[in-house]
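Structures for review follow.
What follows is a pair of complexes built around chain A, which joins chain B in one and chain C in the other.
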Partner chain A sequence: MTTVTATVKAAPRRVRPLRLFAYGLAAALDPLRLAGLVVFALIWEGLSSVLSTIILPPPQNVVARLWTDFLDAPSLSYYGVANPNLYANLLYTAENVVIAVAIGAAIGIVAGLVSARFSLVRAIINPVMMTAGTVPILIAAPFLLIWFGVGRLSAVCLVIFYVTVILYLFAQRAASNVSPIYEEFARTLGASQRQIVVDLLIPATVPEILGGLRIALAGAWGLEAVSELLGSQEGMGKVLEVLAGATDSEGIMASLLLLGLVAIIVDAIAGWAVKRLASWNAGLSSERN
Partner chain B sequence: MSTNVAPRMIELVHVERSFRRADGTDVKAVNDVSFVIPEGEFVCLVGPSGCGKSTLLQMLAGLLEPSDGDIVVGNKPVTGPGPDRGVVFQKDSVFPWMRVIDNVEYGLKCRGVPAAERREIAWTYLKHVGLSHVERAWPRELSGGMLKRVAIATVFANGGRVLMLDEPFGALDYVTRHQLQDVLLNLWNADGAGTRRTVIFVTHDVDEALSLADRIMVFRSGNKVDDIAVKVSRPRTTDSLLLPEMVEIKRKLLHHLGLDHAAGLDAVADEAVA
Partner chain C sequence: MKLGARVVRDRWISLGVFIAIAAIWQVLSVIYTVEAVPGEPMVAGWQVLFTKTFLSMADYWAGGLGVPSVAEGADRSYPAAALSLADHSLQTIIRLASGLVVGGGIGLALGLAVSWSRWTRRLVDLPVQFLRTLPLLAMVPLFQLWFGTNIAGEILFVAYGIGVIVFAGTVNAVRNVPSIYIDNARALGASRLTLYRTVILPAILPEMRSTVLLSLGTGWGAVLGAEYLGAQSGLGYVIVYAQQFAYLDRMFLIALLFIVYTSISYWGVSKLTARMLDWAPPSQRL
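Take a look at the complex of A and B:
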């Protein structure tokens, strides 16, 4: 009985990611992008026929390797990767990215909006964020390793830090760009402070904040993978580290290809979300038409 | 208490406002202005650009504090903005992220009017300003004049007893401008003289002031320099502007604006040359 209810409940949940994936794929497959990919593959093919396979394996080998390794890559288990396949490691990395982006975005957006509205808060937070924004993010990595060890927490904190700074800057700029006339008009119509935040500040800043989120998301993938190079036991970064140790160029390129594909699909989904949520804004919504 | 005198709606007593410019100089935008406006009166403010008309409206709206003096609206001192005083701003203020109909009902929504009721009200006013065909459009899809009409519908739908309009028709073509003047007068006059709202209407256009106003106040560099009653009966037509009484007022207004000889034939000649 419990299993029945469980599957019934799970069913509608599965539909959404699948549909999102389909939208992402559709957007990723537009003709110009495809043409770019074909050119890229041809150049790659040409170069690989001249160079040795250790330096540049041919694209079809890499794709074939990705196909087999995705579900089962026994060689990885020799090097101490917990799950010997790309699928589980990708999931681990994706989970960290999602957690970090969610937390970082929440902190960054709230801090940015609050600091745009209250000059006292701005005076306090701005210097910190501006400085943090100019520091190369990986400089913080050693400290995080000292504080949180080599586990998951370090990598996630690094990405949270990065996402927070980016979204703070975007949210703050978005809020200061909103013309004061809207708030004045709303106040003469009888809007309360809470209504001004919910009905004006948030919708007015959504397009720019989503733009920032898209940039943060793209960076977060790379940063998460890089921070996994620093002693994680799982994740795409760990896989890459292990394969590099074994000078397995084909495996490395297969993993990179997978990361690239995921990044493209995620970005396309984010672009689609921007279009949906900011359809009032011609500048953003026509961008992809 | 006589019954034919309307209660005072707006009262300004020695109101002043100065600004400090970025270069450190002080500008007196409004200088020692006092007047009383009874409920239901249609008042036009005229005066050259920069004479303080918008500043005065902002203070009445409660968005700007006077440097000195008192402002009382409906027996309450003005301490901040409120839905009892609607403002159609000189600049565009329609929210770009709400559809036209949502813009028009926004004020009602803020005050908790039930959805069906406020939609009904919003729709009525949208129809009055001739925009019912674009109720689901985004503001970016409308022209400048249409946006002004959305703002007017929004402010009227909100039901404030005092309405302030800052050069609402300045950017419109001749025909639309005259249509909207009629719309405005109809909205103002909808339920007869006893229930009229109080209107303060800023304009540069002398003829517009003459055809709309019960009373015209003239401003020059922050000072109120004249206060003229326009007693010509309504509805007024273009011919009403030719009545001797109107011509007399127009001559006075042009004199205040520094255009003494413009009322005569030489003005026509000038135009022909230009």
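Take a look at the complex of A and C:
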């Protein structure tokens, strides 16, 4: 059995996490790519000098607004937002995202792995997941808002629903991508069903599943914000809704900027963590090709 | 078990699952009779959905074609209901199709233009990554502010959502074209334009397939988002009005219709693209 584990976990870590991080940093600090950001800001600046500030506020105003509103935005309290700053609302959104991704991932991964092993289960779950995956969020959200009321529960349920579908698909694909040779080899060595799952299936599928988790996490921010936009008392979505009602384009763009930045940072951390956690993947995939 | 037999069996199981879900819904509607507002059950059974709910769609019929609308004093009738559903569906589909054409076209053109050299590709990399992470549907208020509630704004919103995905997909696909193809064509003396027309465009098609399917899903979501805020027609409009009065049965009917549309469009597009990619080696078809 140890042989199989060793095969799957293939070789020690060749790429040091630190070096990986350094590569990532170098790529992020590529002068040309940074210049792209500057050009983007300049175009925005140019457009905003032509159009009125209500339509398109200049980038420095948006950044300044984000800076001041982050800790304290008294204007929000006039519209009935419980915590009149972006920080607390962002935290609320983040909490919901974390809870939803954790629950959704657990359901999706288990269902995906089981369905890849048993064709009968797959035949039963697949049509449900495929149909559920095509339902646009704006169709599903109103039902949840009426069934569960305006609050944390309906937003979290909505995100769980989507994370589950994504991870189901990823886990299923990951498990069917595992070369049958591994399992045959393990069986010849007398591995039990449980050992195959624990020592072979899980290590072999983790890299791909983590990739799916990263995609789900990136999408979850948007979904959470939208479901808060449709009905919530707190969160970034609520802030956006309030600012939209006040036709405050500067505030809207500042909130969107914050959401985008947080999503990028979380994604970068997740990407780094995935590479670190699944560092045996390099050996596995090179063997497969 | 033979593969063919298994496919047939799986089809029967899928059918059975859908029937089971429908049956559970019906049972739930009998057991759980709580009403959201008087006369509007939280869970509407099928007998309600296909009679009362369907008829109520006549409320959204504006009149014309010899079928009087409810606003003109007529009773709700089945022809009016059917026409109203067809009309609103058509409005939604027109918005989606225009958005797909505009956004897909611009996204593809820009993506190819940017892929002209490695320099431009690196230049646009970060801004595009950033635009992709912005939650599309949360940008609805911004578009509403910019374009008001006219149809151009709705189409532009859909086009934006699709354009960003197609653009990123194109850049990525061109990057993944094996450099040996390009080197070989270059060695044979191909100019940049010939290279694009005869090597790069065909080579990115297999990879663009998943981008097309992804943008279709985004498009359906975006068109609803556009209709949520301010449109006076379309399926999204019907849903918004139904939600304001907590008419769950009407929402459910539209949701079902939507699932049917999205499934048909996915099925159609994936069949079509699979057919168009018949020439590609199986390993390249995603």
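Here, the second predicted complex is superposed on the first by the 246 of 289 C-alpha atoms of A that agree within 3 Å, B and C clash if a C-alpha of one lies under 4 Å from a C-alpha of the other, contacts with A are read in each partner's own complex, and residues count from 1 in each chain.
Here is the rule we go by: a contact is a pair of C-beta atoms (placed from the backbone, for glycine too) under 8 Å apart; a residue touches a chain by one contact, two chains touch by 3 or more.
It should be emphasised that the depicted structure is a prediction, and the values quoted were computed from it without experimental measurement.
When both complexes are overlaid on chain A, chain B and chain C end up sitting side by side without clashing. By the touch criterion defined above, A:D267 lies against chain C but remains apart from chain B after alignment on the C-alpha atoms of chain A. By the touch criterion defined above, A:I55 reaches chain C but does not reach chain B. Considering which of chain B and chain C touches more of chain A, the answer is C.
Of the two partner chains, chain B is the only one that A:P203 touches; chain C does not reach it.
By the document's definition of touching, neither partner reaches A:V239: not chain B, not chain C.
Once chain A of one complex is fitted onto chain A of the other, the partner contacts of A:L66 are absent, as it touches neither chain B nor chain C. Applying the stated contact rule after C-alpha superposition, one finds that A:L90 touches neither chain B nor chain C. Residue contacts after overlaying the shared chain place A:A186 against chain B, while chain C stays out of touching range. When the two complexes are laid on top of each other via chain A, the two nearest Cα atoms from chain B and chain C are 7 angstrom apart. Across the two superposed structures, the residue set of chain A contacted by chain B and also by chain C is empty. Residues 181-182, 184-192, 195, 199-200, 203-204, 206, 278-282 of chain A touch chain B in their complex. Of all residues in chain A, those touching chain C in their complex are 30, 32-37, 39-40, 54-56, 119-120, 122-124, 126-128, 131, 134-140, 142-143, 145-147, 218, 221-223, 225-226, 229, 236-237, 240-241, 243-244, 247, 249, 252-253, 256, 259-260, 263-264, 267.
Chain C meets chain A in the complex at residues 6, 9-10, 13-14, 17-18, 21, 36, 42, 119, 122-127, 129-130, 133-142, 144-146, 217, 220-221, 224-225, 228, 236, 239, 243, 246, 248, 251-252, 254-255, 258-259, 262-263, 266. Every residue of chain B that touches chain A in the complex is listed here, in rising order: 61-63, 80-83, 85-87, 89, 91-93, 95-99, 106-107, 110-111, 138-140, 151, 154-155, 158.
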